[in-house]
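Paired with subunit B in one complex and with subunit C in the other, subunit A is shared by the two complexes that follow.
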Partner chain A sequence: MPTNSQPAGFWKRNQMKIAPYVFLAPGALMFLIYVLIPIVQSIWISFQDWDGLGPKTWVGLANYVELLDDDTFYVALKNNLLWLGLYLLAIPMGLAAALFLNQNVWGIRLYKSLFFFPFVISQVVVGLMFTWFYAPDFGLFSQAIKWLTGSEVAILADERYVTYGIIAAGLWPQTAYCMILYLTGLNNLNAEQIEAARMDNARGWRLLRHVILPQLAPATFIAMVVTVIGALRSFDLVSIMTAGGPYGSSQVLSYFMYEQALSEYGYRMGYGAAIAVVLFLIMMVFITLFIVRMIAQERNR
Partner chain B sequence: MAEVSLSNVKKDFGAISIIKGIDLEIKDGEFCVFVGPSGCGKSTLLRMIAGLEDITQGALRIGGRDMTKIGPSDRGVAMVFQSYALYPHMTVAENIGFGLRMTGHDKAEIAKRTTAAAKMLQLEPLLDRKPGQLSGGQRQRVAIGRAIVRNPEVFLFDEPLSNLDASLRVQMRGEISRLHQDLGATMIYVTHDQVEAMTMADKIVVLSAGRIEQVGSPLELYHRPKNLFVAGFIGSPKMNFIPVEARPHNGGIEVTLPGGTLLQLAGTLAAAGKMTLGLRPEHATATGAGDAVLPTKVQLAEHLGSETLFFVSLADGSEIAVKADGLAPQRPGGAMQIGFPARACHLFDAAGNAVLNGDLTR
Partner chain C sequence: MTLTKALTGLALSAFLMGTAAFAGEITINSDQSDPTPKKAMEELIADFQAKYPDITVKWNNFDHEGYKAAIRNFLTADPPDVAAWYAGNRMEPFVKAGLFEDVSDVWAANGLDDQLKSAASSMTIDGKKWGVPYTYYQWGIYYRKDLFEQNGITAPKNWAELLGACEKLKAAGIAPFAIGTKALWPTAGWFDYLDLRVNGYEFHMDLTAGKIPYTDPRVKAVFEKWAELVKPGYFIENHAAIDWQDAIPQMVQGKAAMYLMGNFAVATMKDGGLTEDQIGFMQFPEITAGIPMSEDAPTDTFHIPAGAKNKADAKTFLAYLASPEAQAKMNATLGQLPVNNQAAKPTDTFLEAGFTMLSNAHALAQFYDRDAPAEMAKAGMEGFQEFMVKPDDLDRILERLEKIRAKVYK
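Let's turn to the complex of A and B:
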């Protein structure tokens, strides 16, 4: 009869300890190669003067100093904050749409699909559609404005309105996204809790505020995260609709970075990297807040 | 005064009829239990009284007022849900006070009544906790507190004890009964557990497939079941049902038991025919004493200490249960003489309606 007195192999003894790291390894490796190393590289490049091909020259903080004197940077920063503030409207709008669609009537599935549709189509298509929508002469919106006020407004050519016009386009798919998050949350509501609230005389707004919204808190949190991140990295709509114009008045940080580093305006990799680092730091503020909250929730469980 | 009266109340979900016409009077201060197998409509009926389900047809009156079309919060009723349905983001105090807050009471009044309710239910040390930090029994008490604080005239309970373990269930049963005595309010209680129904109720309503089978006090239902359904549903272990031939005989009834033994019952019978004899396990005797004695074989013995439950097979192979003294010597496989006392036998006709109810007090 075999005995167990022989010392078991290293793997056998430590299997339970090692296994989690083995499972983590592929993801950690990918994260390292595609996220962490590029971040470090970007920071490194931001201290150089580099055209992308030739030799790099160490310039220290010169790129950042130049950035602080660049008017376009402040326009982009201001627009990013505008994006952040107005993009958050997608959350209450998504909630309203979800509450409206959360009923059992004939054909509601088709209706839900139609509301979800803007999220499925490409941002490029959204941008093009809104460009036509705003277009002077034949755009629906311009026609409506003309009919209402008598004068024409070219939204995307007017530096007063252009950023608002792009944000409005962005809100369309983002609202659909938030709506889907809330619809899922509404599906998981505890029906007895709502009935208890009905017996407790909570109706309408008060029922929503005191019983339903607290139950939707996880959905609200996810909606916050995706909306804030989405606002900060807004790029595609700006690129499609105005390319930052007119006169750079609809710039945002990510498009400004692209323009400096990779477009016909020049191949200033170091300067572009400096913009990217600033954007990254702004994002880190929000990401840290989200992560702190998530950890706190995990602990409370 | 909060008597509850239902007249010809019906409920349809689409083409499916769930409640098929209920007439019921529940007196003020009465503890009324709706009992029945799952799917019989007892919860639906309770929810209709609460106002959570519309009444398709018929009328509901509470305290003399027509409540058929009134909203749930205006009926003067409070409900305790099966899952407790506490608001997880509120403390115990906020949970209890929520209804008062929603009806616009001022803070001092809410605090006063919340404390009073908490005191009654021994929840005072827990007022600042969230439901997630409470045990099942404590959550149940908070749910009851939420009902008490509104001073309702009628309490509705929807299987409130089904999520608790056995010993806690016995304890909460006692607490709810005590609460009923203290408050003197009308209470309607839904359960599928006939033990809960028997121990708590002033009045039991046995429901089956959306209809009332019988209404009565626990002992009335136990001793005088109107039909086979009630006879089989009330009492644990279940009443034994034995197929017999019955015929009128000498001003009484004569039945032929399996194996051919004859048993004379008092009472009258219109016509002879195949019938069902009902005899509760505790009324059959393992000592062989009785008006008819059947030879049987012991299949299984459950020793509960104070008593032993024998499952024995008759001549035709059918099995019956017999409750005997805990020291009864018989063993599985052995023979046993089972006595049938005529006075304790029930007789049901082919349609399942009682022809004769045994009465041991007679």
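Let's turn to the complex of A and C:
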């Protein structure tokens, strides 16, 4: 008994301190291996000239200097900003859809499922569907435009419209995503508050603006986060619908990175890594904002 | 009892397989994922095994697109004994990285310098041969014979005649040329041929090797010829939105009359409902008089990785692959042309025309995206596509290409 007490005593004394770390360890390890180390490696590679096969050569900031002189980079950056701005439309659209569906009618579950459907199917399928939708000659959209204006517009082949066309395709599933976030939010509304507001004669727009929306703030926050991140990593739709074309005008940073580093025409790992680092820094701005807000909220509790 | 038997059997087969690996086994990695190339490859391997029963062939067939990424990994990590790839500048990075074996001795021992003469220059880097070509196919203008007859057009032999034909077709409400540029590479066929006809093969090779600036007036002259087709609207509309196959229906429906393409397009045209009598083939017409006619003929090849374990048997395989009999049989299945000039002539009308054309060619280019380094090719083809949509922006496009050229070939 006395011989045993020493180690047991150590564990007992420190159990409360050690246990959290033990529970954290698997997650932290994964995070280290799959997130932190690759980030450091990417930054490291971005200072090299490397084709993925031969030896790496240290080139310092040359990749970044080249990037600043690359027209495609600015096209991609501009398109990323477009994505960021327009993708946020998914939030009000999702809210509208959620408010519309938040009623008790026969078969509402079916309608909800149908509205949620675009988020369930793969982005690749969404991209293909919209490609056919826009296709000249047989696409529904271009037929409609032809019927309305008399001339055909090939959305995905026209540098003026191509990015908007892809964003529209992206908004379809993203709206569904925001909708589902709001629908769950609407389920948890405080009925008493609404009752009280109604007694004070608030209805319609004012009820929504001053009573419902503040209660939906957590849902809005999450919708914001996923939409901003979704906009910045828009890759699958661009890849499926246009591959950055026509002549690079629908390029976005993530696809540009892939094309330079990993596609048949590239294998410039260092340059691709430099693009990834720039994208990472842009994302960091938003991630920092979100995290600061989250920490502030937790403190206020 | 049965378990013991099964285990013995298992051990025995493992033992046999183990020994087979020592007594002449070669591993081949290739990307014949489509049904026809797959069948041709299966026949080739079966025939090779019948001739050399002591060599066992292990064949890993990769998906065509995935292969381009996979080869970079397996050449360094786990090299096979034979690997499929392409001629020209496409093999240069692997040759320069020391990943391909010099096979000049296979060429010398089998008289290939003579028999594979048409592809010899595209297999040579630093004076050595780095692989064996086994198939290629011609490019040229495929046209609707019946539409030509209806509009009183004969196959154009020079640029003026081509422009005349285009004018007639356009007046008859038919788009002269079908093309789909979404995947970019169909535009490169046009650039290659215009450059080969305006400036010739040597200039084209210098350009794709980065020795000539894109802002050179001779390069601009190529685009000016091209503009003579683009500006009057001699290509179908909205070509940037569609793939090359999607432009074929327009030709089948009689909305377009000509298509500058590789010979593989014939199969798609026939699938679309055109009969052999409706399709004609012609060589790309002459532009600058006196420049010898060179052609695009992308060549597929097999190589021995530098890290191969069984190089002796791999060389036997390459020598067999180069032989007239093997090439004739394989290409009959593929519907393409044998590189070996001793091989039996193909019987198909279009292939026969192509065989004659390529045999008499001054030289063979590999296609822009194989002749030029990958990065330049990508930027170049984007420029070609942009030019076909906005021909007035030529100067800006050429300046951008020149900027990229300066970067790529340093």
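Remarks
Assume the second predicted complex is superposed on the first by the 293 of 301 C-alpha atoms of A that agree within 3 Å, B and C clash if a C-alpha of one lies under 4 Å from a C-alpha of the other, contacts with A are read in each partner's own complex, and residues count from 1 in each chain.
Just so it is clear, a contact is a pair of C-beta atoms (placed from the backbone, for glycine too) under 8 Å apart; a residue touches a chain by one contact, two chains touch by 3 or more.
Predicted model only: the values in this text are computed from it and were never measured.
Overlaying the two complexes via subunit A leaves subunit B and subunit C side by side, clear of any clash. Within the superposed three-chain model, A:I91 lies out of touch with both subunit B and subunit C [touch as defined at top].
Of the two partner chains placed by superposition, A:L183 touches none, neither subunit B nor subunit C.
Judged by the touch definition given at the top, the superposed model places A:L156 against subunit C, while subunit B stays out of reach. Contacts of A:V211 after superposition: subunit B is touched, whereas subunit C is not reached.
Counting the residues of subunit A that each partner touches, subunit B and subunit C differ, and the larger count belongs to C. In the overlay built on the shared chain, the residue A:D71 is in contact with subunit C alone; subunit B does not reach it. Contacts of A:Y267 after superposition: subunit C is touched, whereas subunit B is not reached.
In the superposed model, the angle subtended at the C-alpha centre of subunit A by the C-alpha centres of subunit B and subunit C comes to 150 degrees, rounded to the nearest 10. After the two structures are overlaid on chain A, the closest C-alpha atoms of subunit B and subunit C sit 52 Å apart. Partner subunit C is touched in their complex by these residues of subunit A: 51-54, 66, 71, 134-137, 152, 154-159, 242-243, 245-248, 259, 262, 264-268.
Considering their complex, residues 190, 192-193, 195-203, 206, 210-211, 214-215, 217 of subunit A touch subunit B. Of all the residues in subunit C, the ones that touch subunit A in their complex are 68-69, 72, 75-76, 93, 97, 99, 181-184, 237-242, 374-375, 377-378, 382-383, 385-386, 389, 400, 407.
Of all the residues in subunit B, the ones that touch subunit A in their complex are 50-52, 71-74, 77-79, 81-83, 85-89, 98-99, 102-103, 146, 150.
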